[in-house]
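In the two assemblies presented below, chain A is common to both, partnered first by chain B and then by chain C.
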Partner chain A sequence: MEIPYTTEHRPDTGLYNAKLGVWLFLASEVMLFGGLFSAYVLLRVGAEPGMWPHGWLNVTLGSINTLLLALSAITTLLAWAACKVRDFGKFKIFHACTMILAIAFLGIKSYEYRDKFLHYEIALNNGTFADGHLVEKSADFDLANKTGAVTLHGHIVEDRKELMDLRSPEAQKAEHKELVIPAADIKKMQNYGPWHNTFTAIYFTMSGLHALHILGGTLVIFYLWGPGSRMYKTDPERFTNRIEVSGLFWHFVDLVWIFLFPVMYLT
Partner chain B sequence: MSESEKPVSLKDTIRLCALVFAAVVCATGLMIYTSFLPHYGWTAKVSIILAIATVNAFLVAGYLMHLLSEKKLVYTVLGFTVFFVIGLAGLTICATNGFPPGTVSH
Partner chain C sequence: MQSNVQQFPPFREVPPTHAHHDHGHGEHHEPGFWQKYIFSTDHKVIGIQYGFMALCFMLFGFFLMLLMRWQIAHPGVPVPVFGPLLEKILGQPAAHGAISPDLYNSFGAMHGTIMVFLGVVPLAFAAFGNYVVPLMIGAPDMTFPRINMASFHAFFLGGVVMLVSFFIPGGAAQAGWTSYSPLATTIPTHGQAFWLVGMVLLITSSLLGAVNFIATIVQLRAPGMTWMRLPWFVWAQFVTAFILLLAFPPLEAAGVLQLMDNVVGTSFFLPTGLAVGGAVGQASGGGSPLLWQHLFWFLGHPEVYVLILPAMGIVAEVIANNTRKPLWGYKSLVYSALFVGFLSFIVWAHHMYMTGMGQKIATFFQATTMIISIPSVIILTCMFLSLWGGSIRINTPMLFALGFLPMFGIGGLTGLPLGLAAADLYLHDTYYVIAHFHYVVAPGTIFALFAGVYFWFPKMTGRKMNEFWGRVHFWCSFTFMNIVFMPMFAQGIKGMLRRMSDGAVNYSATRVPNAIDALPGTVMQLNGFILWAAIGLGIAQIPFIINLFWSISHGEKVNSDNPWRATTLDWQTPTPPPHGNFSHTPVVVRGPYEYSAPGHAEDFTPQDEPVDGAAPATTAHH
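Here is the complex of A and B:
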C-alpha cells in the first residue's frame, strides 16, 4: 500500500503530510518550552533582591555554542538545498558538518555541566562560606563522621549574597587560592547541581531538555545521512522532503537556544 | 508557492546563508556587549537583549525555516500556538499576586 501525500500536496492543506505533521509537532514543542520560559520568569521575578545568580555561566562557552548551532542550522539548510538540486555528494558533506557541529555543541555543554558538578559551596561552622572548585577529597573524608578534609580552589566570603553576582567588582577582585577545609569545620557542603537553588534547577531543566532535543535531532540526521539515505536512489523527492522536515526541527532547536542563551547567560 | 517549492539554486542559498550567519554573529555580539554595559539598569538591559534575540529568531525562522513565504495553514497553526502560549503564560503571571481576599502572608 502506498502512503498518500508524501511528495504531492494535499488539496485541502496545500502541504505534504509530513510537513503539516512537523509543524503541529513544533507547535506542541513551543507550548512545552513556553511553559518552562514562563516558569523561569516567575522564579526570576519572585526571587528576593540580590538572591538571583548573575554571571554564574561561562559567556564565552555559551557564545561559542550559539555560533556552532547557527552554523549547523545553515549546513542543514544547505544539505536540503543540495538534495533539491540533486547533488548527493554535497548533501553528504553538509549533513556530516551538521553532525560534527552538534556533537561539538554537546561536548561543550557536557564540559559546562561537569564544571557545575565540581563547583562547591561550603557553609562553615563559623558562619562564613567557602566557594570554589573541588581539587581533592582526602581518602578518609567523611562528612557524616567529620573525618578528613576537602581541598577547594576558591575563596571565602562572609555573606552568601556575595556569591550571587559574579560580575560585581568585588567578585572580580576576589583572590582565589587553595583552601584545605577539615570536615569538622563543615556545616553543609553542596555542589552546583540542579538541587543547589532555583536558578540551577531551571538552568539544568531547560538546558538539559534542549540538549536532549539536540541529541534526538542528531540521531535523526545521522539516520538520514547513513542508512536512511538509501531512499535517495529510489525516491529522491520523498527523501528531500524528509530532509526538509528534519531541518525544520533542527531550526526550531536553534530558535530555542537563541532565547535560552541570553536569558540564562546574559541577564 | 512556498519558498521550499520554488526552484533552488545552491549558490543563492549559500549567499543567503552567509548573510543570515553574519547577521546572527553580529546580533549575538551586540547582546553580549549590551549585557556588560555598566550604566544601564537591569530592565533596560533585558529589554534590549530580548529585542535583539527576537530579531535573531526572526532571521532564523523567516529565512532558514522559510516562514516568510509559507502556506496559510502553517500560519494558522502558529497563530493558535502563539495565542495559547501568551494566554497561558500571561494568565499564570497575572495570577501570581492574585490572592483571594483575606489571605494572610507570612
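Here is the complex of A and C:
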C-alpha cells in the first residue's frame, strides 16, 4: 500500500503531504509561543510599578545570536536550493554551516545562562542589597549556620528598585568592586535563576523552550545531513522535500527568536 | 476512466470479503503480534487501540465517580465492598476504607481529567476519526501513518503517567480538572507535576493526531470527493482537528509555566505575598492567577466543541442512514460546524465571570456566548428536521442517536443562564453547572459514542452486536442518566456547591438550622437517590460490555459488506477492511446522503456507484 502525494503534488491543492503537515504543525507552534508571549504581556503589564527589569540581558551577545540565526536561515535556504539543482556536495557544505551556526548559538546561550546563575542578589540584614557576580564562596560558607563568607563582584544598593533598570544613568555610573559578605549578615541570597522574579522566569522559560527547538531542529538537520542523506541516492525528490520541510521548521524557529530578542533584550 | 469505473464490484448482498483471504498480492506477509497490534501503522488498528483504551479509561473514570457519589451520600462512611481494597492500594488516604477529603479531591480532579482527556476525546476524535475518516473519504490510510502510531503511543504514555500519579506519596492531582493556580502549586503533592507531564503528553498526542487528520482530509480525498460531497461526520472531525491544533498549544504553554512553578520554583501564577498555611511563601511573587485561567479556558472552551462535534457527526451519519433520506440542510450543517469552530475561540471568559472582570469584557463574552448557541441550534434543528417524514428504522444505534437529541438539547439550553453573567454569578460552581455540562457530554456525547460503537461494529468485525441487549443497554442508560443528572439542577438552584467532599452536609439545615440559606433536607436526600441511580447506571453498562466482547466472536454475521445499506464510502469496503482499505480506488460521483433517490430500485445510492452503472447493478441483484 502506498500513500498518495508523499512526493508529488496533489493537483487541486498544489501541495505534497509533508508540506501541508509542517505548516499545520507550525500553526500550532504559533499558538504555543503565542500563549507564552501573551503570558509575557500579562506579567509585564501586571508588574508593580518600577519592578519590571530593563537591560538585564547582554545586547551584544543577543545581537550576535540574532546574526547567527539569520545566517543559518540563509544557509538552510541554500542547502535546499542545492538539493533542488541536485548539487549534493554544496548541500553538505551549507547544512554543515547551519549546524555550526546552531551550535554556536546554543554555546552563547549557555554562556548567558551561566552568567545569570552566577549573578546573585543578597538581601542584607541592615536592609540594603548586595548585587553582583559570584567570585568565590569560602570553604566553610554555610547560610544556615551563618559561618564563612561569600565574595561578589558588584555593588550595594539601598533599594531593590535600583537594580531593575540597568540602562539608567545611575546604574551605569555604579562602581563595581569586590565585596566580601559574611554569612551572618545575609538575610536572603538568591541567584538570577528562573525563581528570581517573573522576568527571569519568563526569560528562562521562553528562551529555554526556544533553545530546545533549536536543539531539536539541529538534530533533525543532522539526521538528514548524515545517515538520512542516503535517501538522496534513491529518491532525490523526496529527500529535497524533507530538506524543505525541515527548513520551514528552522525558519520558524529563527522567526521566534526575531520576536524574543527585542522583547527580552531591547525593552 | 470508463474501464476504471466499471471495475467496481457490485456492492449489494455480496458475502463479506474477509481481509485475510485477500492477501494474495504477495506484497507483505502476515505481521507478528507486536507489529500488528502494538506498533501498527494501520489507521484502523490505531483507531481500535484508541477506542479500547478510551473505553477502559471511561470505565475507570466512572468508578472514581461511583466512589465519590458514595462519599457525597454517606460522608465519612467506609465504602462497602471496595473500601478494604482502596485502603490496601492507596493506604492512609483511604484509612478504614473511607474516602478522606484529600482523596475525594484527587478522585474529583482525576475523574474530570480522565473522562475528558483520556476518555471522550480519544474515543470521539481519535478512535472514530482514525477508523472512519480515511474510509469515508476513500483514502488508503492516514497521510502520516507512523506519526499516527506515535500519536497513540504518546496518548498511552500520558495515560500511564496519569494513573501512576495515584500511587505516589500525596496522591494524584487534587486541584480539579481545571488545575487553578495557586491551589495547584500549593497542595503538597507531586501529583500535580505528574498531571502536567501527562497533559503535555496528551497534548502532543492530539497535536500529532490533528495534523494527521487535517492533512488526510485535505490531501487524500478520493477522486470526485469534493468538499461538499464529504459526509458531515468528516466535516465535524475536520473542524475538531483544527480546534485541537490551535486551542491545545496555549494549554501546553500554561502547563509548562505551571510545571515551572511547581518544580523549578518560579512565580508565574503566584501573586505577591501569597501565604500558604499561615506563612508567606518563598516564591518571588508578581505572578497572576488569572493568567492561568485565561490560558486554561482558551483551551477549555474550544475543548467543549472537541467533545461535541464528533459526537454530532456520528449522530448525523446514523440518522441519515436510519431515516433513509438525505440529511436535512447539509450546507447549513457544514457552515454551522465551521462557524462553531471559529467562534469557540472567543467565548472562553464566560467561565470567568466570577473573577471580577469588568462589565464591558463580560458583555463581550456574553454576546459571543449567545451567538455561538445559534449554529449549535442550527445543527440540532437540522437533525430533528431530518427525522420528519422519514421511514425510520429503529435499531440500537438509532436509539442512541435519537436519545442524543433531547439530551444534548437539555444540556445546551440549560447552558444559556450560565452564559449570562448575572445568572452565572448565582449558579457558578453549583451542581447546576455539573448537571449542565454532564447533560452535554454524558447522555449527550457518550450516547452518540455508543451509537457509533453499535453502528460501525459490523464494519470492524463482520458481526452485529446483539440487538436485544443493545436496547436493554439504551433504555436502562437513558433512564438512569436522567435520574442521576436531573436532580442536580434542583440541588444547584438551591445553592449546593460542587467539589465538597462531605456532600454539602455542613451547609444543610440539620447542621445549621438557623441559617436562612441552609440546604433543606430534600436537597440532601437527593444525594442518596443519585447514588443509587449511579449504581444502576453502572449495572446498565454490563450488558454493553458483555455484548461488545461476546459479539466479536458470537454476534450475528452480517450478510454483506454494507449491512446498514449505507451510502458513504466506509461501507463500500471489504469487511473488515484490509490494510490499504479499498480493493480499487473509489471514484465519487455524488453527495453523501443519496437515500431514497427517485428512479432507483434501491433506497440508497452509494457515493461511488457509477452513474450509468446503476441500472445494470440493480437488475443483477434481482
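What we mean here is this: the second predicted complex is superposed on the first by the 262 of 267 C-alpha atoms of A that agree within 3 Å, B and C clash if a C-alpha of one lies under 4 Å from a C-alpha of the other, contacts with A are read in each partner's own complex, and residues count from 1 in each chain.
Rule of thumb we're sticking to: contacts are C-beta pairs under 8 Å (C-beta built on N, C-alpha and C of every residue); 3 or more make two chains touch, one makes a residue touch a chain.
Note that the structure is predicted; figures quoted are calculated from it, not measured.
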Contacts of A:25 with chain B and chain C, given as first, second, both or neither: second
Which superposed partner A:166 touches (first chain B, second chain C, both, neither): neither
Which superposed partner A:13 touches (first chain B, second chain C, both, neither): both
Contacts of A:251 with chain B and chain C, given as first, second, both or neither: first
Partner chain in contact with A:157 - chain B first, chain C second, else both or neither: neither
Touched partner set for A:5, first chain B, second chain C, both or neither: second
Touching partner for A:108 - first (chain B), second (chain C), both, neither: neither
Partner chain in contact with A:201 - chain B first, chain C second, else both or neither: second
Which superposed partner A:46 touches (first chain B, second chain C, both, neither): both
Touching both chain C and chain B, counted on chain A across the two superposed complexes: 13, 15, 20, 24, 27, 31, 34-35, 38, 42, 46
Residue ranges of chain A in contact with chain B within the complex: 13-15, 20, 23-24, 27, 30-31, 34-35, 37-38, 41-42, 45-46, 59, 63, 66-67, 70-71, 73-74, 76-78, 81-82, 84-85, 87, 90, 167, 244, 248, 251-252, 254-255, 258-259, 261-263, 266-267
For the chain C and chain A complex, residues of the former touching the latter: 27, 140-145, 147, 207, 210-212, 214-215, 218-220, 245-254, 256-257, 260, 264-268, 272, 283-284, 286-288, 290-291, 294-295, 298, 579-580
Residues of chain A touching chain C in the complex: 1-5, 10, 13, 15, 17-18, 20-21, 24-25, 27-29, 31-36, 38-39, 42-43, 46-48, 51, 193-198, 201-202, 204-205, 209
Chain A partner contacts - residues on chain B that touch it in the complex: 4, 8-10, 13-14, 17, 20-21, 24-25, 28, 31-32, 34-36, 42, 45-46, 49-50, 52-53, 56-57, 60-61, 64-65, 71-74, 77-78, 80-82, 84-85, 88-89, 92-93, 96
